[in-house]
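Input: a single structure, listed below in structure tokens.
Letters are used for the chains, namely A, B, C and D, taken in the order the chains are written, and counting of residues starts over at 1 for each.
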């Protein structure tokens, strides 16, 4: 297969922010050595940017490759690629509103992926959860597997499960989160995990009592403000994450 | 609107302590990238000091601005301000005893803001909780909102809910803590969160059994000692927090 | 009152180890800014060594003072002393077997001090708990107080509650741990807290089921080996704790 | 007893990886000051490599000794040895498939060692747990002891309990994990502890509900992929763990 032609060099600031996103999410414990985060190319919505196969905390600008939506690397030159890159292309294909995608194994979300307790938003920064966070049960799509999104068909199945939602939990595995910008993706990934922790604690505390979740209208109003201005936290996260390069 | 005249340069040590307070509370996990902490101006009780819009861990002396109690910045020169600054002025107006205010999203207090389990003091350093920690339900004040204290009316509603208490939880959002000095405010903010964690653990442990909370008289005696001399911990917190400037 | 005469300069290695003990226990989260740790003077069992009033993480050799068992400082020269120093002298008086004492507010032990669930050893390194860990209820000794051990009478009451045990929990406040050597005291303090955490988790897990605690004879055999050779962990703890002086 | 002859100098990369394994597992909180990790000698399956008695975070290449399967050190020159080294030789004798062994006291696994709740895999990276993780009850093998594997007979009893499984919990004490390579051993040790934490959280969340564990066939497929390529995480772990040498 011929390597696709490049859409051209991406905006250097976008590259820098993608490196920062990798390192912030590793620093915050959302990404372990195997997760990954991508962003759509600023010059061509039919391309996305993603690191070669590398632990997120080690990713630098020189590791970022360009991919087409069939998950072929432009000028990959034989470098190792993430096995699960298929989920990126398949989601970008079906979700023109999505600009950035994170696949993670954040520990606090795992218990919600293996029980019947739905993750629901109780914390303002996690208001996007009100839009719905389905659970992807890979057994329904493909029977017995090793749980990884190893090909385009599984990528499509995950995209179908995600549908028009901001995130999908993957049973026994992790989550895939999408966002309209890279910064909002990073915030959503962090607060998906924090809301999970807080909901476990509220469950312990409430026992048979009730938990007051966000009202859908409250959540809509928060989301309408773009999750409140993220620049303030982004500046601090990015500075700290890039300090130790 | 004309910028109000300055009450004069604040005590440099107060400025340094306000910077330290920002960094200590970030270091201790009480403040995330969006919380803020203010102190009343030492020259004029009608003024308070608060950073421009900036993540607390990044705040330096040059970022601190002077505000009047209507939350107008003196010589703001177009710098971005915290959206929720209104809560500071409105509380300072109604609480002459309050010298410092912290607005935070400390995770351990959130579960108590969304359940019917009252936060109660079981740990000596959190004795101030015995004075009462109400929950501010913004729906009662303003119906459906994005939960932020975006204007003076919401600031007043929060001040009414706080009343004469040392802290108020904000449902699904965080907490606002007040103190008679900056150091006691910092300690209260840290121990509000620690008591929340300990109460969740005691709840798990006690099951149907009882938890022995502080007696109101014990709490009164602890508070009468000004929460015990805080200087010892303050010295260590401040040194560590300012080391990495 | 005349300052007592000194028993002479203590062994420099003992001083270094006392500094290390302060910093190790701060590093491990057992000591906050207010806890303290003392050791009996190597030249005179009627004297003990303890820092002036200072957060443990900041303690250096120059901060260590000599005290008699009535808690009078030798050559204190007006330096501030820990309010609760009385517990050290009163325990040393009644417990000739005790060589070192730690007073801490380690969070995981607090829930056990305010519920009726007895702390019991389930982890081998916490075998000493099998010897018994009573709870000191200061209300029984002195009615309403601010919970601090502010005088010799309260120190004696705490010593009576401790009796011949290795540790005593202090309701709503913390714990006081004793040891036959400084190193074993440090290990006991760390593993008292760890066992508390593990017992809370086992309680969650076991629900109505049983927890298999250490058999008293197992605990005796572990203690007879002096808690197993501690030198290996001590070397690592001390190196790390003193690195950032 | 004569010291056995050496099988020759081990592969320097194997030595470096063994040092890394010690430091990674200390960094990740799996190994405390007393755990240890060994690997079979690359030149002779009848020999294994293990540090002299030293806290894992301090281990360097010069501390690694060669042992025969009777746990005699080659050229030990009187250096202190780990008391529990017996478990290494006895497992290597009965398990030719085992290339590396870790003995740890990872806190999250302890509650599962003292309750009747079986540790089961719910997280993809912990699929090996589906092969079975028995609990070693030392009382059944040897009555009242101090819980340590102090001799070859206890080492054999532990090996019998481990049988052909990837790990064995040791009641009130810790766990021993084995692996077909050093890297997979490290990953298994980390994810044994993580799965334990996640299972405790899922238990809290599910209450009387069900937890969806990995299907045995899913676990088999994951293991067949060698636990997925570990190189990516290994590179990041190793770099971080060796940075502070």
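Criterion: contacts are C-beta pairs under 8 Å (C-beta built on N, C-alpha and C of every residue); 3 or more make two chains touch, one makes a residue touch a chain.
Bear in mind the structure is a predicted one, so any value in this text is a computation, not a measurement.
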So which chain is the furthest away from subunit C, centre to centre on CA atoms? A
Equivalent interface positions on subunit B and subunit C, same or different at half: different
Can you give the whole-Å distance between the Cα centres of subunit A and subunit B? 33
Give, as an integer number of Å, the spacing between the C-alpha centres of subunit C and subunit A. 46
At least two partner chains per residue is the criterion; list those residues in subunit B. 204
If each protein chain is taken as a node and each touching pair as an edge, is the resulting graph a line, ring, star, complete or other? ring
Which chains touch which? A-B, A-D, B-C, C-D
Which stretch or stretches of subunit B touch subunit C in the complex? 122-125, 194, 197-198, 201-202, 204-206, 209-215, 217-218, 221-222, 224-225, 228-229, 232-237, 239-240
Where on subunit D is subunit C touching in the complex? 32-34, 53-55, 57-58, 83, 105, 107-108, 110-112, 114-117, 139, 144-148, 171-173, 200, 203-204
